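Common to both upcoming complexes is chain A, partnered first by chain B, then by chain C.
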Partner chain A sequence: MSAIAIAKREVRAYFSSPTAYVVLLAWVYVTGLSFYLLMSFSASQDSVGGSDNPLTLFFGGTVLFWLPVLVFAPVMTMRLFAQERATGTLEPLLTAPVGEWAITTGKFLAAMFFWIALWIPSLFYVWIVTRYGSIDAGAVAASYLGIFGIGLFYMSWGMLMSALAPTQIVAAILCFLVHGLFFVAGIGQFVYQGEGREILSYVSVWTHMSDFARGIVDTRYLVFQVTMSALAFVLTTQVLAFRRLRG
Partner chain B sequence: MPDRERVLGGMMVSLRGERDALTPRVLSVEHLTKRYGPRHAVDNLSFEVGEGEIVGFLGPNGAGKTTTLRMITGFLAPSSGAVQVRGIDAIAKPKEARQHIGYMPEGVPLYPEMRVYEYLRYRGELKGIPKREREDALDRALAQAGVEDAVERIIGHLSKGYRQRVGLADALLADPPLLILDEPTSGLDPNQIRGIRELIRGFAGKKTVFVSTHILPEVEATCERVVILNQGRLVGEGGIEELRASAGQEVGFVASGDRDALQEALIEAGLRDVDVFVDGEVLRGRAKGEGVVSEKVFAAAGNAGAKLRELKPGSLEEVFAGLTQVGPDWRDDKKKRRKGRATRGEQE
Partner chain C sequence: MSELQPKPTEEKQYEQEAAQAERRLHVWLGCMLLTLIVFQLNYLAFRHYERSDWTSDERFTLSERTVEELQALEQDVELILFLGESEELFPDVDELLQRYRSHSTRLHVRHVDPDREPTEARALAAQYGVAVGIGQAGENLAEVAMVIVSGDRTWKISRENLVAPATAEGETVIDVTTERALTGGIVQVLSGESTTICFASGRGELAPTGERAAYVMRQELERENMNIEDLPAVGLSEVPDSCNAVFVLGPQRAYAEAEAQALIDYVRTGGNVLLALDPVLERDAVAPTGFEGPLADFGILLDPSIVFEMDFSNVLGQSPADLFRVSVEEHPLTDAVRRRGGGVAVSGSRSVRIEEGSSAVALLTTSEQGFAELDIAGLTMDADLSAGPEDVAGPVSVAVAKESATVGEEPGARAGRIVVIGDLQWLDPGLLMEPQLANFDLMMSSVGWLTQRDALISIPPRTSAASSMSMSQEDVSSVALRLFVVLPLLILLLGAYVYWTRRQ
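For the complex of A and B:
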């Protein structure tokens, strides 16, 4: 109940700040450009089929997907706790009769709301493709499932970094480091040939997304994403409790 | 000032005994300590607040008032010690204890983008006020805090005085028995200060209020009892009237005549801690005693053939200064008092 109240306030605050609209506009611009590039690439090919269709490429097949995600995800989560700490509003929040779990849940729900809002415009691209060709509905559904899973992972870790960091900028940088670390580790599977390569491919968000985008729903990836976000979730509540001790 | 401390110390015990018999405790703090490394921000602090009391929490800036209030409200965990709110252990069951507290933190942090009613509605939801009671609670809190005319306004556009009132409305929202207000009048103009003070005074008998301040007149104007903190330690506790009476047992004066004769006459009159010194053309001094000290000083001056020019009973400010300053010197008091008056002027 209080979690819902916290989430609602967070979402309202976000959308009453210009940041939300700048982020959304920039996001639509960047992803729109990437969609345009992939469409014109596909149009220039003699035969387009199988997993090389523009939607599969759009949802994680190329770096055009990851660049904006890696830049925008930290920007969306950086404010969650860091801003409340900077303005002092964390004090009335933490002294209300609400537990750490409710606060963390509320913040996380709000972050997931932003993440989902970010992907709503992409439905328009799906619609465009259906106008000029056929789509694999299953693969599109799997893509959105993958995006939801990545969202759980990215938003929860971003929230943790925002709880840890003293300012929003530091939160964004820490968050970028975490996301970047997993991303680079994932890329590592292509260069690293020794033992443990399996692990690298398991944590590779790129592998996750390109599989999902091709319509492959691998539950191991979902388990990874849910586990990682549960971990970040628990750690965030611990950070909040620890901050009471340290002051 | 060992004597003053002894007087207050004795009073502390007697008052506590009396209160326990009369009213149940709403807030009780026992051996509360907060350490930051080797530094003690709050050091073994114990006091109690009874139901319906308005108690001032007085101390100079940096004495540890905010740290104490944050430990009571659960924003900070103490290094050791116990806090009980209406008998609930606030450290073991913070969520439950917080349900009985309306807290207005220092500086009143609010969300600037929200409208007043949006904010209070959100806080009501957060505090678990049932939906059907929420609007009534909101109206009542708005009326009590005097912000009815600003409900539609955006918090970021409000004046500081109104923001404080919104913070107060938030503290009152769930109708808690205990209000904890941290420097509620800081940064306000004289009219706003008067408004907030009247509000607090209006809670007398209805709510238990524990209000921190570093401004003495504030306590004199609003509180029945005071807890005085200095460098994290409890240095005094007692009723305002008792404090004032104990302050009245000390008299400062300005006279002309023979220093030694005056000193002797004062001691003969049965006064203690007599101190007379030459300051240019006049004599300045002070003396303590029982009963109406000023009359005794007047009579003694006559006996010594000295002419009194000024006679000033001790003030609460001097008690406060004596308790919160390390090694206060009477000879500086004139300056201090002048400074004190200046701050009082600013605040009123």
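For the complex of A and C:
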């Protein structure tokens, strides 16, 4: 229950401030631009069906998806713990009769809530596509499953970086570095051969999303996203435990 | 002595620090253990995975036939992919191989890009007898796309085997060409036996090559590693032992009765024959084929008729005799065809009936409204199309199958098999590749049943539900308005509402 209370407090604080709407507006403009470009491209083609429809391309088929995600994910998670520390509210929180698990769960739920809120406007894009052609409901569902999985991964690692970093800026930079590292490692699959290529493809979030967007749900990607999120989640609780020990 | 003892506060502090250090150590060990578990889980997931296809048209789902083949693998099979990553085919083949691997741990994929790893590629190419040359852009290129290896057996797949023929504009067909080639290749390296199909020639039949070529059938037979041989029908007295089955596809001139009898005798002695005998018109009558007598003795009646389908929901062409769908009846040969559904289309067919008391089984029949017209001369443009008293009333069978009695008593003795179809157009490439019809499945099932090989790579073409986008420039502008004005406005309104309610 205390985790839910913390999550509510986080969400309320965030959505009561203009920051949430500025971020949402910026997000809608950036993703809207990439969707518009893909729709214009589709309109110029004779026939775009199957895996080449604008939704498949939008949900991870191109770099246009990753540019905003890589920038916005750190922005969303940097404040989770780093802001508490900057405002001096972290110490009271850690001395309160609330366990580290509850704090971490609450913060994580809040981050996931905002991540999901970011993607709600994309349902509008799905509706737009249905007006000019058909959509594959299964592929769209798989795309959202992929987005949820990527959200788990990005939010949990962002939260860990925020718990480790002394300031929000450092948290954002560390988070960007981690996400960027996995992203670049994924690109490495085009450089290396053999087993190395397969391993890099396994950790490549781009590969994950491009498969999800086509309607392929691969257990490897789900295991990677869930276990890596669990790892970051547990590490965050341990960071908090350390801080509590240190007093 | 009292000076040597630590002060109580120091002792307490020391104990606290020790406890903290111990707890830190536990945390560190816990984190390391968890990291190890996560790595282990990911390693397992990396090795054993499943890919489920959520698309409505199951475009990323392997055919039942391929899955069966992969799950039945009892020995290791290695697929050596020689395609360069810059080649257009590579992404699709790579994706398909991932699907294959998810069904069997016996399947190992090794990719060597001849352009990026020339030394390794040349070494492997030399090992498997593959030439590596220079492409148009100066890149290293292997002559084949893939080599499938199991034990000392190998099978090569060329690039041409992986590319589907061009489809009509706007047609959305899921390409299964690569899957056919791959599964076929795996079957090749695992099955030791080869089968020979003899195509009868000399009476204007459809041949594997040439002007009247059954090229789709030839391609599929080659994919099955079946040898194709020519069997001159003129003067035929005995079918050579090298033939596992004889195909007589649409002879334009009649066989001599002795030649036809030789083929039926071949069936009686354990041979297998496919007869596709469409009606050939000569002087307002259906010309005899030479098979009428020998087939009648075998319990199958070949009528000099033309079949009309009067249930217009089955008519696909311009007239009731032109192109129509027939029902597929129950028989071991038609199991896969019936499972697939869609029916089989024939055109300008004759009726093939079963003599009373014969063990032959009808495979394809018209509806009850269909009939077979025997009085061809009486057919005029303005004639009333209806079954006369002499005609064959519906449902009319247009294809039958029969098994002869087993010859010999030694183990492995086989009964001969014959399939007689009163039509040739069902083998038209357009009908075979039509995803809505099961003509392709009937062809593969017939080949499988006649060659007495149950496992054939019957991977039919499938349609995609994906439709194309249709947008004008005005539509694009309207999308821009919605994306950049309407949606942001909604978010601003939401923000204003939250701000207003909080102020209240």
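Here, the second predicted complex is superposed on the first by the 242 of 247 C-alpha atoms of A that agree within 3 Å, B and C clash if a C-alpha of one lies under 4 Å from a C-alpha of the other, contacts with A are read in each partner's own complex, and residues count from 1 in each chain.
Going forward, a residue touches a chain if its C-beta (ideal position, glycine included) is under 8 Å from a C-beta of that chain, and two chains touch if they have at least 3 such contacts.
Just so it is clear, the structure is predicted and the values come from calculations on it, not from any experiment.
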Task: Using the superposition on chain A described above, determine whether A:194 touches chain B (first), chain C (second), both, or neither.
output: second
Query: Once the shared chain is lined up, is A:2 touching chain B (first), chain C (second), both, or neither of them?
result: first
- request: Check whether A:132 is in contact with chain B, with chain C, with both or with neither, and answer first, second, both or neither.
  value: second
Task: Using the superposition on chain A described above, determine whether A:16 touches chain B (first), chain C (second), both, or neither.
output: both
- request: Would you sort A:245 into first (chain B), second (chain C), both or neither based on which partner it touches?
  value: both
- prompt: Touch check for A:219: first (chain B), second (chain C), both, or neither?
  reply: second
- prompt: Which residues of chain A are in contact with chain B in one complex and with chain C in the other?
  reply: 16, 245
Message: Per the contact definition, I'd like the list of chain B residues that touch chain A in the complex.
response: 34, 36, 67, 70, 73-77, 95-96, 98-99, 101, 103, 105, 107, 109-114, 118, 122-123, 125-128, 170
Message: List the residues on chain A that touch chain B in their complex, please.
response: 1-2, 4-6, 8-9, 12-13, 16-17, 87-99, 244-245, 247
- prompt: What does chain A use to touch chain C in their complex?
  reply: 15-16, 18, 20-21, 24-25, 28-29, 32-33, 35-36, 39-40, 42-43, 45-51, 53-54, 121, 124-125, 128-129, 132-134, 136-139, 141-142, 190, 193-194, 197-199, 202, 211, 214-220, 223-224, 227-228, 230-231, 234-235, 238, 241-242, 245
Task: Give every residue of chain C touching chain A within the complex, in rising order.
output: 20, 23-24, 27, 30-31, 34-35, 38, 41-42, 45-46, 49-57, 59-60, 85, 98, 102, 110-113, 116-117, 169-170, 172, 464-473, 475-476, 479-480, 482-484, 487-488, 491-492, 494-495, 498-499, 502
